[in-house]
Each structure stands twice: as C-alpha cells, then as structure tokens.
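Note that the chains take the letters A, B, C and D in the order they are written out, and that residue 1 is the start of every chain.
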C-alpha cells in the first residue's frame, strides 16, 4: 500500500516537471500552430544560464527564475520577430525546418561555450525532500508542481483578462479575424513566442535542478513536451498540468508493474491510442 | 514541373563543391615531413566532438592527443632506427554510428590512412571496425569493450579495453570484503550497459551475493523515483547502477530525494569523471565507481612514465584530471605505437600481425595480454570512491586501506 | 418512385441541436428547392445526405438503400453527387484533372473518359480553361468546376449548395438554363439557393428549413405565401439590412431581396 | 517537349551517377551510397508527406524495422539474406498499411506527432524483443564491395523516383494530390481516401524498409538507437522540403545537396561541422522557402504570398 501511494506521489510530482516543460510548447502550438523543435534546447540553455547566474551572481536558482524569464522573454521576442515570422506564413514544414536548424545551431553553440560536460544546478535543497505521512516529497519537484499550478492560473488569467492576452487568444482563433480587429499579427506572434520562451526557460530551471544536463539533452525534452501537450490538449491553459499528471502517473505506475524498460512502450502506445480516439486531448473537445 | 535550368545550375554548383572538397582534403593529407624526421605516421580516429557522446568523445580525443604530443615531443616514434612524427587525424562522427563508418572509409580512401583508433561507444565502434576489417587495416578500440565486438571473428580489430562484462568484478570483490549480501541492479538498455550488467549479475550470483532487484530502463531516463521506491522495499545492502553519466547523477539525486539509503552505491560510469563530484557536491561522497584505471596504480612505461606522471602531464595539458576514458584511449594509442615499432613499419598488415603477436604488455595503465580475438585480458581493475570531492583509489589490494564511509551515512545525516 | 427518403433526421453539434426530426422524400426526376435563412441547417442537411457528416438520429435511403452508415465516397459512387457552398476544389490539379479524376473514380477509362471530360467542360463552358491550375481560377469558374466535377460522377441525384452565389445576371441566366437542361436529362436535384428567382424558376417543389426544423414543404408559390416562412425570413435576416424595403411581403419582396443577396 | 528535355536531363544525371564507382574512389562511393539511401528515403517520405500532404515524423520506423527485421531473420533465424530482405520489406509494408489505417485519420500536426510516437514505440518494442536483438544490436557478415552497395542503393533511389514519376502522371497520383488539397471533396467525388492514403503510406514504408535492409548488410552492424534515430526522419523531411515537396527530382536534389553541405561543413571545420549544417538549414529556410524545384506547378502564375502575410489556418 505504502509503495503504491509513494509511486503515485512520484508520478504526480514527475507530472509537475513534465507539465512545466510543456506549458510553452502548448502555447506556441495552440496560438501559432508552431511546433518548436528547439523547445528542449531552449530549456537546456536556460539551465546553463541559471548555472552562470548562480556561479557569478550567487543568485539562488529559484530566485533567479524572474531574471531568466525576462532574458528569455526578450530573446524570444527577437527570435520570433526577426526569424520565425519570416517563414511562419509560407508553409507549415518551413517553420519545422527552421526550428530544427535553430536546435542544431543552439546545441552546438552550447558545446562551444559550455563544453559537452554534464552539469547540474546544485543547491542545498536540490536533493532534499519534505516528509509527510511517511511519504517523500522532493522539494524541487514539489515546487515545480506548485509553480506549474500557479503559472497555469496566471496564464489563464492573462489570456482571459488582459489586453495582450486577449489579442493572443483572438489570434489563436485565426489570423484573419484578428487582423480585422486591428491587431498587428507579427507583434502578437512575437509576444506569444516571447511569453512561451519565458515559460520554457522556467521549465528549464527546474529541469536543471532535477537532472544532469548537457547541450545534447534537449531532444528528449521536446519529445516529452509533445506527448504532454497532446495528452492535455493543445493550446489550453490547463492542458500541460493535466497532460503532465496523466503521463507522470502512468509512467510511474506502469514502470513498477511492467518494469521501467517498458516506459516508452507505455508512453508512446498511450499517445497513439489517445490520438486515434481523442485527438483533441483528454481535456479537449471530442471529435 | 522540372525546371531544367535550375536543376542544371544546382548540379553544376554541386560538382564544383565536390571538387573543392576533394581537392581540399587532398592537400590536407599530403602533410609531408618538415623536420628531421623520416616521415609522418598518420592514424585516423573518428571521434565524436558533437552530439550525445560529445562529452566522453572529448575524453577519448584528449587521451589520443596526449600520446601524440608526448611521442612527438620525444622526437617521434622510433621505428626500425628512424624517427617518425605521429599525427592523429580526428574526424567528428557527431555521435552517429553511420558516420563513424563513413569517416573511417573517408580516411582510408581519401586520406590514405591505414592505421586507426576507434571512436567512443560500442555502437560506433561496431560500425567503424567493420570498415577497418573490410579494408584489412588495424583499428584499436580506445573507446569501449563490448564483448560482442570480438565475437565476430574479425582479424584487424584490437582493444585496450577489457570486456564490458568484467567491469563490476572488482567492485563486487570489494563489497564482499565488507560483508555486503544483497544487491539491487539497475541498467540502461544499450549494448555496453547490458553487457556490464549481465557480467556483474553473473559474477554476483556465482560469488554468493543475493540479487534482490534487477531492472532495465531506457537510456536517457529522466525519472527513476518509482524504481527507487520499489528497491527501498527490498532494502538491499547496495545499489549497482550501470548506465550513463546523467543517469548515475539522476539516481543519486533521486535516492536522496526519496531518502532511500544503501550501505553502498556503485556505478560503472560516473564517479570516475571529475564532473561527477562537481555536479553532486557532497551527495557524491562515498559513492563507488568501477574504474579501469586510476593515477594511483603502480604501473609505468617508457612513454608516459608512471600512472601518476601520466595524470600530471594530462592535467598540465588539458587543465583537468584524467579519468579512465582518457587513460584507456592513451593506452590504445600507445599500443598502436608499440605495434608499429615491433612491425618495423607502418604497413597495416605488418602492424596487424605485430599486434596479434604482442602477447603480454606492460603499460602505464597496467599489465595485460592481447588475446587471439583482439580483446585483452588480465588487466586488474581498480575501484574508486569519492572522498572530499575526489576519486580515491580503494581497490585492488592495499588500496582498500583508503576505503571508508561504510556503511554510507543516511542521506539526512550528511 | 422516391429516389431519396429522409426519415427523422437529426444532428447535434456538442449540445446544440442543428437539425431536428427532418423527414421528406424526393421523387425521381424532380427539382426541389431547399431554402431557409442562414444557420437554418441547409448545408448540414446536405452534408448528412452526402455522407460528409454523420447524423445523430434518423435514417437516409437512396433508392431504398440506407446511406446513413456509408462513407461519403461510397455514396458518391452510388450516383449521389454534390457541390460545396464554400468551394472545395483540388487546387494542385488543373481544371481538367479535377473533372477527370471524378469520372475516373466511377470507372471510366481511356477514350471514353477523355470524351466525357470534354463534354462536361463544354457543357459548363470551361473548355478554354481546361489546362489552368484550378487554384488560379476565378470564384465563379471554381463554382462551375464543382458542378462539372459533380456531373462527372454521372449522378442520379445532385445536391447543389449555392452554386449560383456571386454570379452576375447574365451568368445567372446561363446557369438556370444549364440546370433546366440537366433536369431534362432526368437528374434529380436538391438545390440550396438564396436567390428566390432561381428557386421559383427551376423548382417543382420547395422545402423550407428554419432553426433546424422543416417548417414548410410544397409548391413554390404556395410555400412563399405561407406566413411562417415569411416570418422565418423577415425575423432572422431581413429586418437588419432591408427592413425599410421589406414592408411588402410575398413573392415580389422575396424575389427582390433575393437578388440583392450575396 | 519539356518532358523530353526533363527525360534527357534525368538520363544524364543517372549516367553520371552510374559512372561514380569506376571513376572515383571508395570514399566518394560511400558518400554516394549514403546520398542514394537518403534520396530513396526522402522519395518515400515525399509520397506520404509531399504528395498526400501527411507530414510523417515517423518514417524512420520503417527504415529501422526493415533493418532490424532483416538482420534478425538472417542472424537469428539463419535465413539467406535475400530471403530475409524480401520478408522484411513485405512485413514492414504490411505494418505500414495496418498502422496507416488508424493514423491517417489524423491531420496536420496530430498526424506528425502520432507517427513520431509510432517510431518511438516501435523502437521501444524492438529494444525489448529478444528475437530482434533486444537492444544489443546485430552483426551481419561482411559481404560485397562498396560499388555493389552503391548500385543497389542507387536502384532503390531510382525506383523511388520512378514510383513518384509514375504516380504524378497517373490518376492515382492525382488522387493523392486531391486528398492533399481537400479530403472532404476528394471523398465527395468518390475517392476511397482511406485506401489511397494507406497505400501511399505503405509504399512509403516499403521504400523505407528497402533502404533499411540494404543499410543493414552494407554497414554489417545495426543497433536500434542508430536505425531508429529520429533525426533520420527529420533529414528526409529537410531534404524533401529543400528540393521541393511533391516533385520527382526534389527529394534527390535535397539528398545530394544536404550530403554536399555536410561534406562542406566537415571540410570547413572539424569541431563546428554540425553548427555549419544547422546554419545551412536556416539559410535554406530563409532564402529558399519553396524548395529548389518549387512546389508542383506553383510557378504558373499562381499567387505568391508576401513575406509577412498571415493566412487563415485550417
């Protein structure tokens, strides 16, 4: 009994890490129909940035989150405005190609600047945990889940009630009506990418706190975000949370029942089933 | 639908580009001797500088390079009375096995290279060695030792690495002396990890240990908390992890997070690398690593001197302490040098025969014997333990005096 | 004999009831007008009959054969062709290839195929544009392409969803002429059209949909005079734009308004 | 006339390709073999991605499964390789056909992610299947010579181009293009879209598997992570898009250009070759967004969209 409770907790907390990584991915996809193949590498870059901030400014990673967020927000705005916007209207594949190229360039620049060595963000609390009812709640993972919930709420409030948020939502329904409403689509897109880059970076900090990473670590993160986004439903504020929890719990439970070697069979098999049966995600509308 | 003019232009451009590449490569390789030496012996090495193996690839790269530097500083390799400069031609296989093969082919045909050192990682070695075997030129593995590399009846493939399945023997011997009885094994799903794990589990069972848990996880796993929870229920004395660096770090982090305690923890890959204690800080303390070489070992040879001197030189050259990946790579390069000297010429067939006939050699990393299938035997494998942020040799023999922190303190008592 | 029989047909989108309990049948060789204000469910009804969408309730029979479970490509091959309100053409194919593909799917090959395509292109007056990539055609041409493509299936029943929207008066006359010729060939038609002039001209019978329900069914002149039909129209779509002109009720007003429509 | 000129050009290119082994060295033959392999793979991808408009992200599954299955049948079941190869190609084709039925109901990105999942799931299953090497990989005997493999790969590439050519000039090809334009309309004109799409997917799978079985015996060593490497799919996509999706010559041109770009990148810098490749891809996207061949017939007075227009998405 205790085993299963703890496994459940493990799954839920892993869901937090997975979900926070998918927030940005889901937003980009939902609003711009953009699949960002460089997503994971953005997160790894954020993890490296956090290490630098910790080393040179002595700023605690969790306190550095706003700083990292702002840096990525600005960078994301520029990348979208000057790079992705140039091709996003031409063809769906072209944006895929572009982000693939960006992924290549970013990952290899990181090797040049940070070497291929594995790093991890190390703080006194990084490997500690809280104990509750005899169950272990690792601090970083618990905080990540908390962050995910708070960010989901904030994102929802932002999209629902703020002017720029409404502009983003209007654009996600289609660019033609948005243009008729007088919105400057390139700026709305840039804003969306900026926001999601900031969110991706936030996820990157938690990834860096919970895993060892190298410049090549981005790929699996992108795939993970893909899966979570589909499970939760594309472009919904709550999707990443729901998708993350589902995947986290299923992987945890499945890995205990069938053995960890079958985790990928479970993950991707489940993804296939979900896609075929409920292509809009568990939260999305049916059909 | 086709646009002939565009197509023609593109083809023309590609033809020009190809010519450029080929001529470029041509000039790069005809690097004739400039100094007083009799010539240059060029050795090819398709080692990853980018991609997922870039980290270990660099260690191998530096190991080969150190040998190249030292030999050239000593005036070159003395072969049949004449001194030859050595030159290692590195090509980045981008961690992709197919590239390891095609780059080996490239170096063979384009650059006329006839002697080879291997890439890092078993998969890449498999691919690269098939090319060497096809062309009947020797390739020495300085990047991995999966047993299945040597069960293919190849005649031109040699190694400085022991079998992957032998890695854990010393660790288990050490644990045995401490009265460890029950073990949990976790391993990744790649060739090397599976062989190492299988070898370890077999050794454990035949030496009176009780394997209470064993599972395989996919490479690059990012969450193993539930496996640790499961393992905690069986309460084994020790955890043996066989996988990659990031998974070793992950296991330590998560074992602490989950407050799963062991009397001892050992990994095949991880603790020997300097970044392991750097990454984990004091949580790395007391963790054991199955190593193939440490600077403390009492061996020496003519090129590098003692193990200690090798380590100092390495640190001086690259700014970091060497781990066994670099040392094994250096040993592989050294083996190539020995064979060329014994053959009296860099002729690939003669070098191959020389390698096959080297018998037992005494290098800075230990004494070992070249077997008929190209693998080696007899290397006594050390075990390291992280103590005060450094990897300290705690096995074999009298090094066991250095062993401490047994049982490991509970995570929350650190 | 009834070529098409619709029994108790209903469709929900989410919680929204778009069509409810629609029943009617079409006699072979007749032309039936399907009218109703925007959002009445006309296109949905056509989608259900053609199999592009599945009904939530009810049944559809084509020559007594149940259609409501067949995929739309089988329905098309049975001789039930349609056009789309918002044009759906194969933009990567030329005009000719668009039409030929349809004739090919029902099994025509070789000389016969080419001859049939030529005939259809001539019939729809598209012959001179046969080699044009259909994406580059004007909207009226694309609408004609849809018609030619539907005819290539040698349909027994043709569902026409606003094929004449956007045509000028001259083109309109030609189109009406064309539909009358098709009727003479014995093709049964169900025609959605906002232009009352067209409906009055070609229909033997008119069905009126309003808010997903069938509110009238009968001779064109009868139906137009019915008060519930006028209410449906006046209430939902005229009042806003044409309220001033629309004091006159009855046929003349409908016609007039219909002409200015779209 | 234009067609004759194209034929003439194609014949010249083929002749040039045939001359490579006798006129050059083994390395160029090796690079050529790899280019031919990618031309075949990209050609296969083009059938489902370029012609039918279903952007598969999992075509590597067919390549990988083809290679592993052929390897296992020959090494573990001791079949002669030619028989193992045929069985593997057919088996993979059936696999693609069956999996295509449910997956091809999905559209756009959803189809992409589903095929990505398919590839990952196949990798995971292969890794856990003892008969297929169970993650340990498989060694095949060293046979043949570089020239032979070059010609075999070249034939598969030619076959793939030939299939594309025949398709484009047939009603079946028009069927696929119709599906790409508008699937609802395609059904409305009586096209059995499920059959058409699945058969295109299966053809795509057959070509992938063919390249896979040749790759296996050519490399003599295969292991799952290598033959299921997701970037192989990405390369198929990149090459096809670069050359021109939906065209006959596009995938070939793309494969050759990426091959040359890779070689150039390696010649420019040893340590930054991947970086150069990445920059090259970005440059192509920014400056050649329609592919070198352009999309099919788009030159014929079609409306070109401006740089910063944002069309309504479906």
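In the analysis below, contacts are C-beta pairs under 8 Å (C-beta built on N, C-alpha and C of every residue); 3 or more make two chains touch, one makes a residue touch a chain.
These figures come from a predicted structure and were not determined experimentally.
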Inset, instruction - Average the C-alpha coordinates of each chain, average all protein C-alpha coordinates together, and give the chain whose average is closest to the overall one. - result: D
Inset, instruction - Averaging each chain's C-alpha atoms to get its centre, pick out the one most distant from subunit A. - result: C
Inset, instruction - Measure off the straight-line distance from the CA centroid of subunit A to the CA centroid of subunit D, and report it in whole Å. - result: 30
Inset, instruction - Averaged over CA atoms, how far is the centre of subunit A from the centre of subunit B? Could you give it in whole Å? - result: 35
Inset, instruction - Averaging only over C-alpha atoms, locate the centres of subunit B and subunit C and give their separation in whole Å. - result: 73
Inset, instruction - Could you grab the centroid distance between subunit A and subunit C? Build each centroid from C-alpha atoms only and quote it in angstrom. - result: 48
Inset, instruction - Among the residues of subunit C, pick out those that touch two or more other chains and give their numbers. - result: none
Inset, instruction - Send over the residues of subunit D in touch with two or more other chains. - result: 124, 127, 271, 274-275, 296-297
Inset, instruction - Identify all positions of subunit A at which a residue touches two or more other chains, and write them in rising order. - result: 107-108, 261, 264
Inset, instruction - Examine which chains touch each other and state the graph shape they make (line, ring, star, complete, other). - result: other
Inset, instruction - By the touch definition up top, name every chain pair that qualifies. - result: A-B, A-D, B-D, C-D
Inset, instruction - Give every residue of subunit C touching subunit D within the complex, in rising order. - result: 50-52, 71-73, 76-77, 81-82, 84, 88-93, 97-98, 100-102, 104-106, 133, 135-136, 149-150, 152-153
Legend entry - Complex interface listing, subunit D residues touching subunit A: 49, 55, 102-103, 105-106, 108-110, 112-114, 116-118, 120-121, 123-125, 127-128, 230, 234, 237-238, 241-242, 245, 271-272, 274-275, 277-282, 284-286, 289-290, 305, 307-313
Legend entry - List of subunit D residues in touch with subunit B within their complex: 2, 5-6, 9, 13, 25-28, 30-31, 34, 124, 127, 134-137, 139, 142, 146, 168, 219-221, 223, 225-226, 229, 247-249, 253, 256-257, 260, 263-264, 266-267, 270-271, 273-275, 292-294, 296-297, 299
Legend entry - Touch list for subunit B against partner subunit D, complex: 1-4, 6-8, 10-11, 14, 17-18, 20-22, 24-25, 49-51, 90-92, 94, 96-98, 101-102, 105-106, 108-110, 123, 126-127, 130, 133-134, 148, 152, 189-191, 194-195, 218-219
Inset, instruction - Flag every residue of subunit B that touches subunit A in the complex, lowest number first. - result: 49-52, 54-55, 57-58, 95, 189, 215-218, 220-227, 229-230, 233, 245-246, 249-250, 252-254, 256-259, 275, 279-281, 283, 411
